[in-house]
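In what follows, a single structure is set out as structure tokens and then discussed.
Every chain is named by a letter (A, B and C) in the order it is written, and numbering of its residues begins at 1.
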Amino acid sequence: MTNRFSWFSATSLTLGMAFLYLPILILVVYSFNESRLVTVWGGFSTKWYGELFRNEAFLDAAWVTLRVALISATVATLLGTLAAYALVRAGKFRGRTLFSGMIYAPLVMPEVITGLSLLLLFISIGMDRGITTIILAHITFGMCFASVVVSSRLVAFDASLEEAACDLGCTPVQAFFYVTLPVIAPAIVAAWLLAFTLSLDDLVIASFTSGPGATTLPMKIYSQVRLGVTPEINALSTLLIGFVSIGVILASLAGKRAAVET
Amino acid sequence: MTLPFAPWADPAAEPLIDLRNVTKRFGAFEAVRDLSLTIHEREFFAILGPSGCGKTTLMRMLAGFETPNEGQILLDGQDLTPIPPAKRPVNMMFQSYALFPHLTVEKNIAFGLKREGIPKDEIADRVTDIMRLVQLTDFARRKPDQLSGGQRQRVALARALVKRPKLLLLDEPLGALDKKLRQETQFELMNIQETLGTTFVIVTHDQEEAMTVSSRIAVMRAGELAQVATPTDLYERPETRFVADFIGEVTVLEGRVTTASRGGVGLAAMEDAPDLRVMTEDTPPAGTTAWLALRPEKVSISAARPDGADNALSGKVLDIAYLGNISTYHVELANGTIIKAQESNRQRADRRGITWEDTVWVTWEEDAGVLLRA
Amino acid sequence: MNTRTPGQRLLIALPYLWLLVLFLAPFLIVLKISLSDLAVSRPPYTPQIDLSEGWAGLKDFFANLDFENYIFLAEDSLYINAYLSSLKIAAVSTFITLLIGYAIAYALARAPRRWRPTLVMLVILPFWTSFLIRVYAWIGILKTEGLLNQALLSIGLIAEPLQIMNTTTAVYIGIVYSYLPFMILPIYATLEKMDESLLEAAADLGSSRFAAFFLVTLPLSLPGIIAGCFLVFIPAIGEFVIPDLLGGSDTLMIGKTLWVEFFNNRDWPLASAVATLLLLLLIVPIVLFQRQQMKQEIGG
């Protein structure tokens, strides 16, 4: 079939990409707008970026968010990898169904429910709310996403590799560190990135579980956005989009290079 | 004159591997049942059987990935059962090869030596030597997915051999290769085994492969040994119908022993035909049921009844499988029994006489077939 | 290897215990509080378990639980309407997302092989950028004096600016936009795996391209469609950010109701009851989704 990529496909792809990217593009363009009115073009300027960097509240929130994301993504990846290992490799154990249910459920659970339930837990055990509680909450949903990413790689992983390692003189622990871990490493990196961005991104769960003095960037943005569109938010959004895009593109290029090398 | 290699025939020889009444159960299923077997040093031993016969379980017990429920496995007289796979002087070449995808050829091969804590120089030497032996020197720095199937197979072999195991286990080692490469590799394997003198145990479902490479073959069926013998004995002197049928092509005729004398019997295999004359050393008593296993190449086919044949039956040509060098004729007798006869095609095809629906005679000598009692 | 070493037990126990404490236990607490009454105290509900009184205290505690909040929810049409309207909004936007997502996934699967990784990455990329920011981006476009109205007015398609912002339409747009990648990717995954010779076989057997699509392509991509619909529908029901930022006062969605009940009215028992009912509403699709995921896992 020579005419596989028809005009229909070309059109839907173009329109689809436009739909996905135009809003973001407009947001970025208007972050360089001289005028405070976000919908009227008043000439090129980077002054909102300057304003942004003078805004202590934003910088504080960014710092909180970064710390939360770094810690929670790391712990979530660790726990998620263990969970994936248990699901894929440990065979049958008591309560496995409940366990896999608890892994998959948070993926689709509405955030309001997760947030509310965690908050009520923290209150009933008398835990002060703050950065720690946000981190605990983010680890919980992050580990579920991480374990799904890692287990998809583990499923494809040839179990005889571990047997081969044992046959060649490894203890089971050595086999894990010398063979299993290096082979699933790309998935673990991907899982960490996912947990990290999910944590960076989260508004609802953080709003429920945070306490005084622990305002994350999404919470800060949300409180500003409710008041209307402002150029500072556009500038901040542009920066965030830029960071994430560069990160994702670099990660995928690295993945491609790794694929070529291996 | 050197004696042929046959340590199993020497009652004084100490076996390398001694399996004693080994049983392995998975739940209620008995994968291996009360199996005893000895394997000698420098043997190229094949375990052959249909899938599900327990041959892989047997091999995994030798490697240490499964523990027998009953019985013992001795290596050089020492019980292997409590020793984990990592500590056994046994290495395995996996069916999937199980090459570590993140390591180069060189590092894959050096992996096991590093775990042993061998000095770096020695590792380098041994890796270089083994890579030369399996002709991988040019690919030392490649990763497994940049290799062809045959090259991967050689890396897997080298990785197991470099540990200098007392016993090398090969799980369907050539299954992933195409036919031509498989044949070449079979000879390569035999050469390497001869050069190093390592004992090889190969598991396969391919009877041709087992016949080609091994010194002895154990045929397994449903968790038990059906027969252990050299390839020639297995083909020429099968002990059961299962073995006769599993190795090569065969026609099996069932009959009743009518006359039993020393060295031969008469076998009533069909009505309206004279008893078949069969030579046998192990004479069953008259009146029992026995089976005659006939290899097709020992049966002749001709248009006219030849004189002086010990056994001759007439039938109609049902099918001809033309294989180039030989043809196999399926001849249907009057009572519906089909006998296979093989002829080599020494003459050009257009001059060959026999064709479909022809009435022909199949003949064989009294010592051509084997009389089976099971 | 049937026996497990203590180390292996620990490997399983660690994530297991974590989820029991931080995922399952919280739901039981929500359930418990939904049966409590609002009170002026800290925390603002009653009864609370008083372990110092031992068994009597526990009995007292259970005696004081009741379904008052649920009765209240059932009697107030606001909540019922919010549930129903959430279902409707989620269903409609899932359907729109499916239409758009299928077209894009289909085009992706038909695109030249060497473009595909890049195109797929382009679809995933917005998913990595902040959800909040992507929703925010639409405010500037949909506002009365926003860019969409400016564009439509300037080409003379409309005479009066359209009121899209703060309506349910804006919520539809927001949901479709935010969840589109979740629909595209599973459908693309099934379409991409599809053997092209199937379509040639269909053509060979006399199907038109149109018929081949409905008789071969569509049924084969059904697992992807189902997965995609679950991935959009389930979270959309409980969505809070989109109706809050883009919807108007008449846009009723249960996630927003819960938020308001909790943060503005500080009625925790009622918010917990709302959450419990929302969870019950979602259990059927979540269980179906899990079944499907497991089936795929075994199949793949």
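Everything below uses one rule, namely that contacts are C-beta pairs under 8 Å (C-beta built on N, C-alpha and C of every residue); 3 or more make two chains touch, one makes a residue touch a chain.
Bear in mind that the values here come from a model prediction, so they are computed numbers and not experimental data.
By number of C-beta pairs in contact, A-C leads when A-B and A-C are compared. The most central chain, judged by C-alpha centres against the centre of all protein C-alpha atoms, is A. Taking each chain's centre as the mean of its C-alpha atoms, chain B lies 59 Å from chain C. With centres taken as mean Cα positions, chain B sits 56 Å from chain A. With centres set at the average Cα position, the gap from chain A to chain C is 17 Å.
Residues of chain A that touch chain B in their complex: 158, 160-161, 163-171, 174, 178-179, 182-183, 185, 261-262.
Residues of chain B touching chain A in their complex: 63-65, 84-87, 90-92, 94-96, 98, 100-102, 111-112, 115-116, 143, 145, 159-160, 163. Per the touch definition, chain C reaches chain A in the complex via residues 4-5, 7-8, 11-12, 14-16, 18-27, 29-30, 33, 43, 100, 103-104, 106-108, 110-112, 117, 119, 121-126, 128-134, 136-141, 143, 145-147, 150, 177, 180, 196, 199-200, 230-231, 234-235, 237-241, 244-245, 255, 258-259, 262-263, 268, 271-272, 275, 278-279, 282, 285-286, 289-290, 293-294, 297, 300. Every residue of chain A that touches chain C in the complex is listed here, in rising order: 1, 4-6, 8-10, 12-13, 16-17, 19-21, 23-24, 26-27, 30, 38-39, 79-80, 82-83, 85-86, 90, 93, 95, 98-106, 108-113, 116-118, 120-121, 123-124, 136-137, 139-140, 143, 147, 155, 172-173, 197, 200-201, 203-204, 207-208, 218, 221-222, 225-226, 228-229, 233, 237, 240-241, 244-245, 247-249, 252, 256.
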